[in-house]
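The two complexes that follow have subunit A in common; it is paired with subunit B in the first and with subunit C in the second.
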Partner chain A sequence: MAEVSLRRVAKRYGSFQAVENFDLDIAHEEFVVFVGPSGCGKSTTLRMIAGLEDISDGEIWIGERVVNDLPPRARNISMVFQNYALYPHMTVRQSQGFGLRMARRPKEEIAEKVNRATSLLGLQGLLARRPAALSGGQRQRVAMGRAIVRDPDVFLFDEPLSNLDAKLRGQMRTEIKKLHEKVRTTVIYVTHDQVEAMTLADRIVVMRDGRIEQVGTPYEVFHTPASRFVAGFIGSPPMNLIDARIVGDGQGGLAVAVPGGPALPIDPARFVGVRADTEVTLGLRPESIAPEGMGGPIERPYGFAADIGLVEPLGSEALLILALGDVEVTARVFRPGPRLAPEAGVRFVIDLNDLHLFDDTTGRRLDRRSE
Partner chain B sequence: MSIGADTRAATGRSPHLARRRLPAAEPYFYLAPGIALVAIVMLVPLAVGVSFSFQNYVIFRPSARGWIGIANYVDLWSDRTFWLALRNTARWTFWSVAFQLFLGLGLALILNRPFFGRPIFQSLVFLPWAVPTFLSGLNWQWLYNPIVSPLPGWLAAVGILDEPRNILSDPDLALYGPITAMIWWGIPFFAITLLAALRSIPQDLYEAAAIDGASTWQSFRHITVPFLLPMITITIMLRTVWVANSPDLIFVMTGGGPASSSQILPNYVFTTAYRALDFGYASALATVLMVLLVIYSVFLLFVRGRLGQ
Partner chain C sequence: MSVVTGAGLWLIRLAYLAFALFPLFWLVRIALTPDALLYSEGTTLWPSEMTFANFAYVLEQSPFPTFFTNTVIVSLGTAAIVTVLAAGVGYAFSRFQFAGKRAVMVFLVITQLFPLVMVITPLYQLLAPLGLVNTRVGLVIVFTAFNLPFAAFLMHSFFEGIPRELEQAAMIDGCTRFQALIRIILPLMLPGIGATLGFVFTAAWSELLFSLMLISSEDLKTFAVGLLSFVGRSGVDWGQMMAAATLALIPPAIFFTLIQRYLVGGLTAGAVKA
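Entry: the complex of A and B
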């Protein structure tokens, strides 16, 4: 049983603030993913939890204990490193049992736990090999095996899949998820890949510049991004972010005007604090723009005509680059037909229930739901 | 090279023979200058030197020169000075290399951790290596002189000596004078090579070990030592050969005395060749030392090969 709590945790290197004011409670058996661009402090935070970095300020709790001053070996955690950090002079069997040997556990117990981890990860035929004789995916598995064998309270993953090729990465992602179903433990997983974050996480922590931008389930982070940054970071292709202006629609309501393009009416009940004549950032997911008749279910359609400038077919879907007023936006069409080609004056629909507005200066979400 | 040049049409004769032989021999043509150079500067002198050991070759008796088979080696078997020098060589080499290894490793471990003033300290540590051996031999000789140096007094004060006297003139202790000088002079070599090996150990292995629950001692034992072992064996091998072959510190500090008590084989070779002018016997002594060192090196390389697996 181990909850992990971080209370106002900070990390400073001289005058550089790598992580600040980090507050988070992680439940027992929860799978939490820290995601963000390079240098956002996600790995530093993970290493502070592991005990590999000193904590400049705040408290870290694992279970019932404050672990600030405990060395890594006293925290009962295990970690999978980005480049695996396998001991090159040990065979798979030796490195799997290393932690237990260091703790001077009986031989039978070590053998039994190593065997269990080995069969869980499909490493049976590789026990006598050294890391140099393993492929990237196998090394990854051995690194996870070494982590499982010790029955830790918390599993830490530091960008474990970033050294693998795209196909293997997809497979290992699935395996990690399956593994978590079998070995229920608290997991903290660091990645810069939003797809990994979305697929693996119970909850995602989006970080930027040492701060938490948003904590939420993959659904929340995707559908109600708390800031312009999260909106642009989560989702592939990224959300269209357009510098726009709130205007009156002439009938007492409000609309958001795209430069040189249409003014999209907004729901006054939803965007309460929004006033006319203010600058905002309009966010439109590519999948909420579609040519008429080709989109999915649309709740509040808004029709307009636009020129398709470019078509990027991806097989099961296609990306259309089109001009919305003066700005280029990306639309996403599922199951595209074979005749999709650049064309002028095509009728498009936008789902007005799927508009995101962000404050022009703070970048925060303008929406009652986020308050 | 153009392909057309050696066809029948171009040369007018059959290219078959030349073509078949040339490719096999070709690499040796390229290697020939290198092999010739090595032969001239190493193999030929070595063979000539070894051939002296089968001759009666005393400079001031040129008329007696001639092949005498293994007579020099037979003499050597009953030469008490040879056996004393051989034992001394083993003692000299073992203690010098052992202390250089442990002190050098200790220094390397200290220098591998960051601390204030490390760059300065590091260059100071490597300084002895830059001191000419003759100079350091002379310095250490003075250090053991009870009239000018406090060292003998200190040794007496901590109970190592019964009174402050010069160990270099004590037949039982004389060899330890040059040994301490050799240790002092050779530590930097171990420190430099082992520090380089330490820095090549990936840091995340220590992090992984720390998370796996290893204590400082356990990560030293299970990470540092296995990584250092290949480098340690090769450094021990190099240093053993060098130390066993260096007569200079002993030459300067004790001259092999008193009464040959600190004589090691290289000194004995030197005195036999240039004092007694008996080149034949000196070559026999040198050949024995060389054979012993070759056997030792092959053994260590074998051990190192086993470690690498």
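Entry: the complex of A and C
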């Protein structure tokens, strides 16, 4: 049983604030993913939880204990490093059992646990090998095996898949997810890959410049991004973010005007407090813009004509670059036909229920749901 | 495709080997030449007659065995002490941040810049009141002082070659920092330890300047100093000197044979993704 709590945790390197005011409660058996651009403090936070980095401020709880002053070995955690950090002079069998040997477990217990972990990860044939004789994917597996063998309270992963090629990364992602189903343990997983974050997480923590930008389920983070930053970071291709202006629609309602383009009516019940003549950032997901008849189901369609400038076929889908007024936006079409090509004056529809508005200065979401 | 292949490459290797080994060959050749033939036969590749008389004299009638023993004691002692100290310094430099770290490292480099002759007098004055002049312990201390900076740098670079994540993984796996050092880092440091031992041992083995200045008793001399005793008033006894020098080459050769398997790198292969 282990919840993990971070209470106003901070990390300073000299005068540089690497992590600031980090507050988070992680439930027992929860899979939490820290995601964010390079240098935003993900690893630093993870390493503070592991005890590999001093905590400048705040408290970290694992289970019932404040672990601030406990060395890594006393925290009952295990960690998978980005570069695997396998002991070069030990065979797979030896390195899997190393933690248990350090804990002076009986020989039979070590053998049994190592066997269980290695068969879980399909490492049986490799037990006598040293790391130098393993492929990248196998090393990754051995590193995971070493982590699960000890039945820790918490698993920490620091970008464990980033050294693998794209295909293997996809496979291992699935395996990690399956593994978590079998070995129910609290997991904290660091990545800068938002696809990994979306697919693995129970909850995602989006970080930026040492601070938490948003905490939420993958669904929440995708559908109600708390800020312009999250909106641009989560989702691939990223959300179209357009500098726009709130205007009256002439009938007492409000609309968001795209420079040189259409004014899209907005739902007054949803965007309360949004006033006319203010600058905002309009966010449109590529999948909520599509040529008429080619998109998915659309709840509140708004039609307009635009020129398709570029087509990027991706097989099961295609990206269209089109001009919406003066700005270029990306649209996403599922199951594109064979003759999709640049063309002028195509009819498009936008789903008005899938508009996102962000405050121009703070970048925060303008939406009653986010308050 | 390499420009030089197969036979050509071997030719270059053989030429280099011949170049490197020729002085050694000449040493042995003179040691085996009877005194009478040394000058009378002129420069030939091999004398017409061979003798072990020079070796026999050096081993049985000269004080050389004593010199020899002294050198072994001093060199092994120095190598062991320097390597242990250098490992500590190198580890600290590599793994810990502390105030003045850069300054200390720069200072160590600076110590290497002084010509050794400069410090002979001050060193003598320092050691004399401590009763360390004309002792083997004194020599070991002096050699240690002079070899430590470079050895520390050598060790530092070997430590830097070992990823920090290995220790961190070990500490998460239940080790204290010290246990991680002993169980994970030490085995991977064997090449570094071997190289440092070899380097310091060789340096101490052939040291002449301080051995000459600090040692006066016949029974405490090292072989480098002892070799000079073959330079007599009436000339140099080349045969005996070369025989002694040949014998003196044996311990370093044995030493390097013993440690050579640790000198090959690649022990950390596979630890991390390259």
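We adopt the following convention: the second predicted complex is superposed on the first by the 371 of 371 C-alpha atoms of A that agree within 3 Å, B and C clash if a C-alpha of one lies under 4 Å from a C-alpha of the other, contacts with A are read in each partner's own complex, and residues count from 1 in each chain.
In this section, a contact is a pair of C-beta atoms (placed from the backbone, for glycine too) under 8 Å apart; a residue touches a chain by one contact, two chains touch by 3 or more.
Keep in mind that this is a model prediction, so the values were computed, not measured.
Partners subunit B and subunit C clash in the overlay (superposition on subunit A). By the touch criterion defined above, A:I289 reaches neither subunit B nor subunit C.
When the two complexes are overlaid on their common chain A, residue A:A133 makes contact with subunit C while staying clear of subunit B.
Look at A:V67: by the touch rule set out above, it reaches neither subunit B nor subunit C. When both complexes are overlaid on chain A, the residue A:M79 reaches subunit B and subunit C alike.
By the document's definition of touching, neither partner reaches A:L121: not subunit B, not subunit C.
In the overlay built on the shared chain, the residue A:I234 is in contact with neither subunit B nor subunit C. Comparing subunit C and subunit B on the residues of subunit A they touch gives the larger count to C.
In the superposed model, A:L161 makes contact with neither subunit B nor subunit C. Residue overlap on subunit A between the subunit B contacts of one complex and the subunit C contacts of the other covers 50-52, 71-73, 77-79, 81, 83, 85-87, 89, 98-99, 102-103, 146, 150. Contacts from subunit C toward subunit A in the complex involve residues 163, 165-166, 168-176, 179, 184, 187-188, 266-273. Put simply, subunit A touches subunit B in their complex at residues 50-52, 71-73, 77-79, 81, 83, 85-87, 89, 98-99, 102-103, 146, 150.
Across the complex, subunit B meets subunit A through its residues 202, 204-205, 207-215, 218, 222-223, 226-227.
Within the complex, the subunit A residues that touch subunit C are 50-52, 71-73, 77-79, 81, 83-89, 98-99, 102-103, 130-134, 136, 139, 146, 150, 163.
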